[in-house]
Amino acid sequence: MVKIEAIVRPGVLEDIKDGLSKFGIHGLTVSQVMGCGLQKGRKEVYRGTEYSINLLPKVKIEIVLAAKDADGVIEVIIKAARTGEIGDGKIFITKIDNAVRIRTGEKGDAAL
Amino acid sequence: MKKRMGVIALLALMMIFILPMFAWAAEEGIDTGDTAWMLVSSAIVMLMVPGLALFYGGMVRQKNVLNTMMMSFICLGVITIQWMLWGYTLSFGSDIGKLIGGMDFFALNGVGLEPAGTIPHQLFMVFQMMFAILTPALITGAIVERMRFPAYLLFLVLWATLVYDPICHWVWGGGWLAELGALDFAGGTVVHISSGVSALVAALVLGRRRGYGTERMVPHNIPYVVIGAAILWFGWFGFNGGSALASDGLAASVFVNTQIAAGAAVMSWVIVEWLRHGKPTVLGAASGAIAGLVAITPACGFVTPMGSLAIGLVAGALCYFAVSYAKVKLGYDDSLDVFGIHGVGGMWGALATGLFSVEAGAEGLFYGNVAQVGIQAISVVATIALAAIATFVILKVVGAITKLRADDEAEVLGLDVNEHSEKAYSV
Amino acid sequence: MKKRMGVIALLALMMIFILPMFAWAAEEGIDTGDTAWMLVSSAIVMLMVPGLALFYGGMVRQKNVLNTMMMSFICLGVITIQWMLWGYTLSFGSDIGKLIGGMDFFALNGVGLEPAGTIPHQLFMVFQMMFAILTPALITGAIVERMRFPAYLLFLVLWATLVYDPICHWVWGGGWLAELGALDFAGGTVVHISSGVSALVAALVLGRRRGYGTERMVPHNIPYVVIGAAILWFGWFGFNGGSALASDGLAASVFVNTQIAAGAAVMSWVIVEWLRHGKPTVLGAASGAIAGLVAITPACGFVTPMGSLAIGLVAGALCYFAVSYAKVKLGYDDSLDVFGIHGVGGMWGALATGLFSVEAGAEGLFYGNVAQVGIQAISVVATIALAAIATFVILKVVGAITKLRADDEAEVLGLDVNEHSEKAYSV
Amino acid sequence: MKKRMGVIALLALMMIFILPMFAWAAEEGIDTGDTAWMLVSSAIVMLMVPGLALFYGGMVRQKNVLNTMMMSFICLGVITIQWMLWGYTLSFGSDIGKLIGGMDFFALNGVGLEPAGTIPHQLFMVFQMMFAILTPALITGAIVERMRFPAYLLFLVLWATLVYDPICHWVWGGGWLAELGALDFAGGTVVHISSGVSALVAALVLGRRRGYGTERMVPHNIPYVVIGAAILWFGWFGFNGGSALASDGLAASVFVNTQIAAGAAVMSWVIVEWLRHGKPTVLGAASGAIAGLVAITPACGFVTPMGSLAIGLVAGALCYFAVSYAKVKLGYDDSLDVFGIHGVGGMWGALATGLFSVEAGAEGLFYGNVAQVGIQAISVVATIALAAIATFVILKVVGAITKLRADDEAEVLGLDVNEHSEKAYSV
Amino acid sequence: MVKIEAIVRPGVLEDIKDGLSKFGIHGLTVSQVMGCGLQKGRKEVYRGTEYSINLLPKVKIEIVLAAKDADGVIEVIIKAARTGEIGDGKIFITKIDNAVRIRTGEKGDAAL
Amino acid sequence: MVKIEAIVRPGVLEDIKDGLSKFGIHGLTVSQVMGCGLQKGRKEVYRGTEYSINLLPKVKIEIVLAAKDADGVIEVIIKAARTGEIGDGKIFITKIDNAVRIRTGEKGDAAL
């Protein structure tokens, strides 16, 4: 079982969800984050004081799934999230030791 | 009430002869009660501008709220100066061919404290200034989330000068629509049809927002929308009531009609929506209020409370359908439904005035005077024609000078950061 | 001032004889200054409704803010129509047995622009309409976060008709409490005790919110609460000051007393709280203001500034204890403390009027007239009795027609989504 | 207009002789229209206090918004009582040596409903009360995010008594500046210079906020700031317009001048900023409005619309530079730029009155009367001197009684939790 | 050392904290997330346009603890979070390589 | 490749970013969280009802980087985030199996 963590632009979330849904994946968890990397920031000005902002709004999507599905899902995400411009984001893959479905107590792949 | 507007027109002529600018003494003829009410009316119509900023600002996405509010707020700067310098005289200066005002009041020259009716002339001028400020701000609901700010500023000055000022003169400044006998108590044509139609044209010229129809585009803060609508409702008492230009029975009647139509339209919008979607929405209640207020605007000084009830009930349902059905069918992206509410509501109101009027000598259809509906229809068509054509031309001219639309990246990132280098909310 | 209310009652009789609906001419007797003040007062009392929506909306949890605001806002639709059709005439129509008004003003028939005192009759009607709108909205603070919206609508119409209109007639429409000599300048019994007591009954009938006492239930936006309270304070100048029905010394005195009592109650609430919890809270300051405003409402036309100071100081401390101590001990869940503030504050104000009044012929206890306290007590008890019993019966009837309470899932998910298919805040 | 202030001063003398407290009858001489306008003006000036709370509250960081709002809101409690008890009489009581008012109006003794000019005396008192409430609230912008609340309360009472009341007496209560012929229509010196200078001193005494210059300290909610500024603008019509003490041509002229200066300053601030930073900001537009309103305050009853345009245009640009350039160079931390806007704008306005005045007998420099600028300069210097010295001393005294500054941990955690045990926003 | 990540309904957070506290666990980190899975969404309507919402508010609780405590903690969470209705949420378990307490520089289990 | 997850006080974020930047690390993702541990909470009061709050605002910083840089980065974070008072926060280190840069499709260390 692995966790795929994708950090993407806020606007592409719906497309990713659609793509995953077609792929057969429905469970996921989303959170709002701020990211910083190569993408250049923005200037903000408040009463003449300038601030350069390099934390930009991103969305983090976490999907826990059977290891065998990982490559397919990664492709789905890349397809929906790639614009080719700096700032498209990253995908990280981690091993998950176990999962539990709270409602039933099911464990492992059955819990997803 | 037409008489009162006549007074103003007469005054315009009189003003050609010199009246000292600071005639502090010449205050006979000024009624303190009427003046008090007009001072207050002017102030609360001014408050409608930030009310609108809140109403519109709550309805856009978070990344565009400041740009949206700025589009309204900046009118308080730009149009204050435009009106003072040349807008007032174009609208209320001595008539030229029933089409436009002359230059006699340029830079408020000759606009002093002498009585215009029972209030100081400058007070009449500033009351009308607030109308001139609010009207173009209404248009912005159609163009938010995608129009570049510099292009908007250019558009704003041109539209105020070439659309608002002439129509205002036609109807209230002694122009041809006034002569024809068109009834427009507080601005159904001048304010709402003109802005609603211009909004539609602007939405079409600008094109749809990126992602329109696929992305989720919902109000980022509905409490703002409710409070904005409520401030507008409040301000409308000054807008309509102040149009009586006095603190008398007429003003009271206007006040009552305004309240009833607004309340009725809240109910009809909410009920229709409930039937169609299974739930009454808060956004619907706020929208219904505005629809009713728009529709009663031209009629409020000419109809009975029962007439107002009818006008309001129809307005709520009609605008709901314009917004939720017609717009979708026709496929244009009028972001915040300026046409659906101000355009459609304004047209209904202008025609309804021709149906329900009980004004002596200008009764409506239901009181046996068929002609009035025709006159009202002419005023509607004339307003639509000028507003649509002039807005189109202005936008083409502005577009030739500077890009109208924000580029894709700016639209994705949000116009707040892109046009103003600011974020609405931080920690 | 009682004389002025008498004028209205007399007028009610006079109205039975025909007066043309649009008596534009018949404006002798109308004072422009008084009319200006009453127009403004009506407008700013209307603004209290969204002010209340903000005050209450800020105090609930985020998932319920729209439903809470809607409960107030919809009164602007429902009661406007109710009042116009039958509410006004039940309250101010020609008296039937000192208990209720007759049907002579049904659908505003005969309510024209003729003078009622020195203002147009329609203006008096619409000023009173705003009171009728605000009062049931006050109740909603006790039932938010759990009452189904359709049930609320039904309750609203019935309560306005069966509780508000009769009490209003008793006190201001020439009914038995007026005759008895009960003093209630701007609505201590009619508005605050009636809504406060009804709120308590409604809270008891509905039962506590899920998780009450264990879950964290704190205001989701205190700035909204502060601004809402401030708008209420502002509106109260029209509410109390407009109850003078003229722009005169009395209105000025009322204004001053209102300001002083509100300021005093802010201080006493905050200080008591500071002593008890170690910190002065902002929510406390806002709540104190409302407590003071409630308490001065019945008294504001009858007392001195020093009397107002005393009334306000007591109100702040008293309502603090009602809210933070008595409620907890008794264990009922009056979500936003309508009883603790409007009920308790209103009772204190009504009795205090009997203590501090300097009104000629109706002096209070401190000025040697013991009887007045008794009269005030009778008016309090009568109001409590009618409000409590009628509210209980109405809720039982409504509950038999449609479920009163949202189900558990809806309560957890929030009433915004469940009752209105909307979310208050998005990105 | 000076004449009107004279009336008040005269009245002060007259009051020494007994007038019954409740002279309900003695209402000859009271004009209902003037009274209506002054009632409304008082109410909308009161609304400026929460407007300011919103304006300032939006500009601080989220963790300090409640404390910031509380600092303004509590003035409605503290100063209402202070003014009623001794503030009014110190300001408007019978003159003592042209420096301060006597104790004749202590606890509003002798302040009844008899006419003061054409309005009830109590109404004049409460209108002035709102000024006394707003002025110290303006100062708080300089000390937010770090001052302890108990220390602030102490400061508040002392400052109102030792700074505001005397200056108010000097200028409006028949004191030496009035005698000298200094023009200050609605409070350029009394309100804005006094608060702006005191703010600067307080900022210096308190020292910079932790992290000033390195941490990001940006407005947490700019829509609040915009709406706050708009409410202030609205209220300013009552503030300036009400200072005419009548509903007449003068009030109308003041209204027009106020609107024009505000609009002009919006434009000049935004344009200068646009040139310097490449974008026009929304915060800038709101700030410009306040700058223009401040600058026109002393002048609004003495100048022409064209004069107002000039005053506004300069104010916007000047305050922008004060805020964004001078402050940074000098390195003090006036959190929300009270000095840069109210201090600098107020000084400009006071001097500009000496340039642009067309008041008969007190013409400005541009109308050939060089002396008036000198008189204005004296009034500015005198105000600065008293405000600066007294504020410094008061803060030292308060600091000796209780700690002025919140400790580091509180500043990091936020003053809302630390001073009030509350959080502004929850779920 | 493992990390337990529980995605649960917003309302049960207090109960979970209480349960953990009784179990002797005090350190945890909470974030607001949106989740999508089997639980059916809601309809929203804005001016006649309907949106179906399938991202629902959830709370994510992260607890890093000694591996031996994991099973007990999972039980505590299940007990507090289970309603039996779809949407109760999941628990994921991952291995953590090391932990540092910033204040003291302590590492490993001592840092928790 | 490892992920460093630091939960710190909100005020120290800028300093950490600066420190990392000097260290040559630019990519990171930040989210707002609430934490509970040894740090004592606060009292809140609403209309006389007291609540004791033990969830305090914290910031979570996630940095994925080559394993060899981990120790250096941890030092940088500690330096910027340590005040010595309870509540300074924790750092957790986890192994990451793979990373993908969405824009280019690069994998592994090259994706960071």
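Read from first to last, the chains carry the letters A, B, C, D, E and F; within each, the first residue is number 1.
Following the convention adopted for this analysis, contacts are C-beta pairs under 8 Å (C-beta built on N, C-alpha and C of every residue); 3 or more make two chains touch, one makes a residue touch a chain.
This one's a predicted model, so the numbers in the text were calculated from it and none came from an experiment.
Visitor: Among the remaining chains, which ones contact both subunit C and subunit F?
Guide: Neighbours common to subunit C and subunit F are D, E.
Visitor: Same or different for subunit A and subunit E, when you check if over half of the residue numbers at their contact belong to both copies?
Guide: Both copies, subunit A as well as subunit E, present different residues to each other, with under half of the numbers appearing on both sides.
Visitor: Which pair, A-B or B-D, has more C-beta contacts?
Guide: B-D
Visitor: Rounded to a whole Å, what is the gap between the Cα centroids of subunit D and subunit F?
Guide: Whole-Å distance between the two chain centres: 45.
Visitor: Roughly how far is subunit A from subunit D, centre to centre by C-alpha average, rounded to an integer in Å?
Guide: Roughly 52 Å separates the two chain centres.
Visitor: How many angstrom lie between the CA centroids of subunit C and subunit D, rounded to a whole number?
Guide: About 33 Å separates the centre of subunit C from that of subunit D.
Visitor: Two or more other chains touching the same residue: where does that happen in subunit B?
Guide: Each of 31-34, 36-37, 40, 44, 216, 218-219, 247, 277, 279, 281, 283, 421-423, 427 in subunit B touches at least two other chains.
Visitor: Do you know which subunit A residues sit against two or more other chains?
Guide: In subunit A, 31-32, 43-46, 94-95 touch at least two other chains.
Visitor: What pairs of chains are touching here?
Guide: Here the touching chain pairs work out to A-B, A-D, A-E, A-F, B-C, B-D, B-E, C-D, C-E, C-F, D-F, E-F.
Visitor: Which stretch or stretches of subunit C touch subunit B in the complex?
Guide: Within the complex, subunit C touches subunit B at residues 21-24, 26-27, 30-37, 39-40, 42-44, 46-47, 49-50, 53-54, 57, 65-67, 69-70, 73-74, 76-81, 84, 107-108, 111, 113, 119-120, 122-123, 125-126, 129, 149, 224, 247, 416, 419-427.
Visitor: What does subunit E use to touch subunit A in their complex?
Guide: That would be residues 2, 6-8, 31-38, 54-55, 58, 60, 74, 77-78, 81-95 of subunit E.
Visitor: Considering only the defined contacts, which subunit C positions touch subunit D in the complex?
Guide: Of all residues in subunit C, those touching subunit D are 31-34, 36-37, 40, 44, 61-63, 216, 218-223, 226-227, 230-231, 233-234, 237-238, 241, 246-253, 255-256, 259-260, 262-264, 266-267, 270, 277-283, 285-286, 288-289, 304-306, 309, 358.
Visitor: Where on subunit C does subunit E make contact in their complex?
Guide: Checking each residue of subunit C against subunit E gives 211, 214-216, 412-413, 417, 421-423.
Visitor: For a test of understanding, state which residues of subunit B touch subunit E in their complex under the given definition.
Guide: Of all residues in subunit B, those touching subunit E are 216, 218-219, 273, 276-277, 279, 281, 283-284, 287, 320, 323-325, 328, 337.
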